[in-house]
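Let me give you the structure first, and then I'll get to my questions.
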């Protein structure tokens, strides 16, 4: 039996009058990596933002280890152990790499911050070299490392990754994939939105497919091995 | 005469700098320019007056109480009046701050409208003479208080974790949410801080000026000019802009014509627009939408 | 905006109903209430002009009071220094106001936006006021400049009632003109610039020209309102065009409803009447104003116009921000 | 469709608030036991400190009423706010004349507002005594129904300049003023008077309202080195100007307007040394805290116990005394014409408060033609006729 870490039940989210999520339900289990697939506008990013508290659900439940998160503010949810690496990365451009990282632990995980910071520098030696540089001077891939590092600083129970490979060169995609492999091996629970299916299937244990704000398909990545076409068809058709 | 003008300009400019800084603190965190800020300055001065004259508290504790009270008023304003309409059109936000300031002014006017109130002299420091230049106790007092305040402010901002968090929110509000900062609370805090800094300016003006309900309006414009001059939204620029404006007023008054003193601020705003819209010190005009 | 021709003509009919009913108003007034009613017409134009720039074009420009003053002074100067009859000064005031609008739009074209634009345009207004104060030869300085109220083309303009009919005609024409402008391609482009300037430009619409047009139209109608104000008070003073005036105009736009033509009328009428009702409480006007605007912002952010829209869908104008 | 009735309702409601139209009637505003007088003043806005004048006037009315009124009639004052704003003042005047239907008007601080409403009042034809605003254009050329009950700008400016020149060897005079009509109403006649005596100002400077620093002005004055400075500044700016003069060691005498007084200026700047060379126009018979003024101070405090008294508080009372004389003389069968005729007959009336007597005639409606000056003599506020010459 897997124990469920994050349980989404019948989630409805709207922007104004426009309904984006219409009763989506899915679970994220401890230690796994779950990928959300779907066409543009199917509600992937909205799911992420709803979990983080950036948008308030109209109805439904988001429960982390039994604690209800729906309706809470983003800072409260963050303190419960949900960290997101957003699509735009949203770094602090004029602050140094080290400050960006350290800020990740200000609201959660302050006690272990020094240790985690050292771990992150081990993991991303390039960031250690550039720790005094302002993040706006970094390359896209390096910035993504800072974003992931910053999220890890809070020692989250679950890490949300919104398009981690977005806008990066193939070489960097490979690097990101390696990083994710490593995170998985360390047992970090991850929920990911990823357009790059190679990356998505390499990293993920399971996937679900969203369409028009509802879950229409899902399964084990291992079981579906080699049948990506079927999934792609399910996403876009 | 030149030195004397400069000195007096710096002393005036220190107050403009403080007001510009308080406006910028609010603007950088909330993207709202507080058009009612002059009245926060006025309210700070009046509160101090009431505490000193009517209740009989000594000036220093009275001004501290007034500053704290203005902090709380700023927070209350943010929570009660700005919060509900955040995300609406900016016109509404601008008018909300104008109306709140207008109301404060109206309250001051109904209570003390027909009086011009003198603040008792606080620091009767004898003026210092250096050659022909006079440094008065007031100037010394204002310049040193503002200097200390600025040093503390920028030290906290750049060298402490709290300051780093503040910078984080300034640079990316979404990023700040991603690291668990309660941005709404931060906005409220910023309004409080802005109101409190404005109140400090009011407290400093009170002993050298006289109190009347329209005290704040002209200082608001000076604050705007300083802010524009320094690059809209730059904290250090606001301070430098304030000092420059203070000095520019004195020079234009003494060397050209005294009718220009009052419009130096406007002329500078227009000149900056025409020549260098990003301000003298701004990297670029930070207009966050 | 999709409207069937049926609703459109219905709306047109309603539009002309208001002035028709208003024609009978002087029967019910004394010179004081007539004076206030005239002020309502003036402020209708002021508010409408302000609303075009703030509500429709979406630019936070505070130059409105400057246009108002420019119009008033243009009228008074033409009347006193050139000896023109008042009616002849009206188009001049409109053109002067439009020129003011052109100057103000220069700031917007330089990429100055939002609060920065607000501050720059505010500075423009205050500089104008300084100019009125310090060029006594032309403007009469702080003693003010009288406006000739001699008979114009057979009209006894000293009479508040005569003024009312003249103002009513001018106001109706300009309100109709504004409604038509906003319905035209230019009007739709103005809204498009507000919603997304870059996207609008990418459609090949000359956004700079649109911005200049909106500012100049705003300056034109507010400038004419200035000429009306000059006649209304008989003498113009620099102090009439200061920051308090700006705040009052601002409040009218917001209370009426941003970017709505009906709202401009309602806001002007309501907030011209209000100070007269609170005369009994001297010194309380600022508090009344402040509190009313704050309450409107909190409970009725789309202003009085939204009440109308609730009453009848005919008034559902899409000019304001949803 | 409900839009129209609603909007019209608002207008109609406003209209109905009016009680018929006002015919210019000789006895409008009169009953057997009351006279309705409209008192306009800047009760709100940034010039509201002037409205102390109207408060003093209304206290005077109440005193008259408590003493039994005039010919069996009591004065009913209808107070209206002008905010010192021309448009607002015009609305106030129209309201008093056509809606409240007062018998006459009395009061008015702020020259700009008074000048703006003048045509309206000329048309309406009811008596109007201007009790505070100083602009000569209000009463020159004389109009049948408009009377000026305070020393006007010309009188004031000349009195200021004459005092300045009464100091032996005054050759160089400088002027510091606000750029508003109030300041010009003092400074322009003073300039004219100086010019008549062959003196051109050595410096003409502006200090705007709201300025909290006068360094530039004071340093320029130090360079010009005048023998006397004429300062047409409001209360707050006067205090700041005097403080900065002291700060930079300039001890030239300063001649101020009737807009400030010695006692309150001393209170505001805090030390005698700063104001010892300050002189003000003083249109009263005694120091503000002198024995002859005490009864008037007591009178105002009887009806307005919390009122802080300044120079403005007393300025309108003199014209009130004159009005009461005229109303008494007009007898019980009062009409507007009779009151105006009686006002025109007032000659050399000692009001017991103004240092100038009041004289009105059909040819001259500026009633008060002189003003004394006050200054500190041996640390005591003293009313002066000329330099070193007590009144």
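General remarks:
The first chain written gets the first letter, and so on, giving A, B, C and D; residue counts start at 1 in each chain.
As a working rule, a contact is a pair of C-beta atoms (placed from the backbone, for glycine too) under 8 Å apart; a residue touches a chain by one contact, two chains touch by 3 or more.
This is a predicted model, so every value here is computed, not measured.
The chain with its Cα centroid farthest from the Cα centroid of chain D is A. More contacting C-beta pairs link the chains of B-C than the other of the two pairs B-C and B-D. With centres computed from Cα atoms alone, the innermost chain of the structure is B. Chain B and chain C have centres, each the mean of its CA atoms, that are 32 Å apart. Computed centre separation for the pair chain A/chain C is 52 angstrom, with centres defined by C-alpha atoms.
One finds 36 Å separating the Cα centroids of chain B and chain D. We define each chain's centre as the mean of its Cα atoms; on that basis chain A and chain D are separated by 75 Å.
Multi-chain contact residues of chain C, defined as those touching 2 or more other chains: 134, 283-286. Across the assembly, chain B contributes 109, 113, 217, 259, 262 as residues in contact with two or more other chains. Not a single residue position of chain A touches two or more of the other chains. Here the chains touching each other pair up as A-B, B-C, B-D, C-D.
Within the complex, the chain D residues that touch chain C are 1-4, 7-8, 10-12, 14-18, 20-22, 43-45, 48, 51, 79-81, 83-88, 90-92, 94-95, 97-99, 112, 115-116, 119-120, 123, 135, 137, 179-181, 184. Those residues of chain B that touch chain A in the complex are listed here as 161, 164-165, 167-168, 171-172, 174-175, 177-184. Interface of chain B with chain C (complex): residues 27, 32-33, 35, 81, 84-85, 88-92, 94-96, 98-107, 109-110, 113, 217, 221, 224-225, 227-228, 232, 259, 262-263, 265-267, 269-270, 273, 277, 285, 287, 289.
Those residues of chain C that touch chain D in the shared complex are 14, 17-18, 21-22, 25, 28-33, 35-37, 39-40, 133-134, 141-144, 149, 158, 229, 232-235, 237, 239-240, 244, 262, 265-266, 269-270, 273, 275-276, 279, 282-286, 308, 311-312, 314-315. Partner chain B is touched in their complex by these residues of chain A: 52, 54, 73-75, 78-79, 83-84, 86, 88, 90-95, 99, 102-104, 106-108, 150-151, 154.
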